[in-house]
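See below for the structure under consideration.
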Amino acid sequence: MGQASAMLDTYPADLGRIDRQALAACIEACFDCAQTCTACADACLSEDAVTELVRCIRTNLDCADICATTGRVLSRHTGYDANLTRAQLLACVQACKSCADECDRHAGMHEHCRVCAEACRRCQRACDELMSKLG
Amino acid sequence: MGQASAMLDTYPADLGRIDRQALAACIEACFDCAQTCTACADACLSEDAVTELVRCIRTNLDCADICATTGRVLSRHTGYDANLTRAQLLACVQACKSCADECDRHAGMHEHCRVCAEACRRCQRACDELMSKLG
Amino acid sequence: MGQASAMLDTYPADLGRIDRQALAACIEACFDCAQTCTACADACLSEDAVTELVRCIRTNLDCADICATTGRVLSRHTGYDANLTRAQLLACVQACKSCADECDRHAGMHEHCRVCAEACRRCQRACDELMSKLG
Amino acid sequence: MGQASAMLDTYPADLGRIDRQALAACIEACFDCAQTCTACADACLSEDAVTELVRCIRTNLDCADICATTGRVLSRHTGYDANLTRAQLLACVQACKSCADECDRHAGMHEHCRVCAEACRRCQRACDELMSKLG
């Protein structure tokens, strides 16, 4: 049980139709993925083969920023504006997919890329799941 | 001409088909809007009528985060992944539209909301313009 | 054990004298605190007594931004620049202290402030602990 | 005249003893520097000599995050908590100094590093100036 779920339990207002468990899981996946992508970019910068990882570093940085913002938008429980939430979730799904695909290409060589690809896939699934619950 | 444009002129790689002027204008509009929305949320918190501005504050905070991330993604010139760029631009257009609409409702009463609505409309147009050039 | 620790285990370079456990704990505390403060600001905005919580919301927003940045800087393992790491950790300690003190004042009334004050204290201690290990 | 200054003019509350011009200049320098460092990291990733620029990329990324957060904290006019403002300004001065020093080492070879070093020095001076006015 994570921090996002603990905070959701204290929320003073009605959360509307939103699925609390899917919301908490998605917030936590976004923050985890933001941390992992930031760390993966730095680990890539430490590899001798950094020239082959330039695209991976860029995708990591984009994914880190997009996941961080998505996690913040979701932490505001902005059910009041489903269009905004859905648009940001779609961007997050795209960023996680791009980053997971790129990290997968290096997963056999670099353990940090393997772990990062998993975090991206987890976040992508959590966003998809939450969108399917938004109706 | 601003900082984003000065940096674009120094870029060592081919920027591809992207319209440099539209890109620089969009980056600058995103950073401006992120600052303005952050300041507008704070100004709203200073109003006696803060209870009537709660929705405005939330939209400001979402818009600030989304514009900041969009400005960073664009600063990485990630033409290599047009799907990601376009998805984040779409989220930014939605955030700017929501925030401008909400700020417009208070623009007669609160000058900061009037200035902020203008910054949001400018950013929305810059994102639309850039998307139309992405092809 | 969390995501930050899993990524640290894959780091390809020497981490120098840094205490891995203290580093991983601090990164995770920073990300947790950033999420919690973002959610607490939003919960405060949902309270009828929002006018009494204006200062709490501001401190929450500052603390969220500062913890998020500190978590990113630490995720880059920037042992190479201890002055920078230490300066950002000092800012984080100050932000967590301010936010915990303010949230504590409302903890009896608002459960989200009680949970948030705890997250801030945890993050403050984790930063202090890491600084003591930086030598 | 920039956006931060326009928003300051609409602020509904007393800003206290703070020097408005120094505050607006510092906010704008922080947002400019955040954009420039993000773009410089990406430009470095596009250089053939990326292996020699790894340290520069890391410092750019740290400086971008720290300047962005400092710009946000200042946009909240948190005169109410001078300790927090000062601690974050000190971290920002340190980040700008580190990044300017590193970029200066490559300024002869890479125009983006030259422009970035200038933005960092400008931001460092603006933070120093604001701190001297905080009393």
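Think of it as A, B, C and D in the order they're written, each chain with its own count starting at 1.
We adopt the following convention: contacts are C-beta pairs under 8 Å (C-beta built on N, C-alpha and C of every residue); 3 or more make two chains touch, one makes a residue touch a chain.
Remember, it's a predicted structure, so these values are computed and weren't measured experimentally.
S.K.: With centres defined as the mean of C-alpha atoms, identify the chain lying farthest from chain B.
M.R.: Ranked by distance of C-alpha centres from chain B, the top chain is C.
S.K.: Where does the A-D interface recur among B-D, A-C or B-C, taking recurrence as more than half of the contact pairs being identical by residue number?
M.R.: Selected pair, repeating A-D: B-C.
S.K.: B-C versus A-B: which interface comes out with more C-beta contact pairs?
M.R.: Between A-B and B-C, contacts are more numerous in A-B.
S.K.: Just the number, please: Cα centre separation of chain A and chain B in whole Å.
M.R.: 21
S.K.: Using mean CA coordinates as chain centres, what's the chain B-chain C distance in Å?
M.R.: 27
S.K.: For chain B, write out the residues touching at least two other chains, lowest number first.
M.R.: 42, 46, 58, 61, 68, 72, 76
S.K.: Write out the stretch or stretches of chain D touching chain B in their complex.
M.R.: For this pair, the touching residues of chain D are 2-4, 6-8, 10-13, 27-28, 31-32, 34-36, 38-40, 42-43, 46-47, 64, 68, 71-72, 75-77, 110-112, 114-116, 119.
S.K.: Could you please specify the touching residues of chain B with respect to chain C in the complex?
M.R.: So the residues of chain B touching chain C come out as 41-42, 45-46, 50-51, 54, 57-58, 61.
S.K.: Please give the residue numbers of chain C that touch chain D in the complex, ascending.
M.R.: Residues 55, 58-59, 61-62, 65-66, 68-69, 72-73, 76, 78, 80-81, 83-84, 87-88, 90-91, 93-95, 98.
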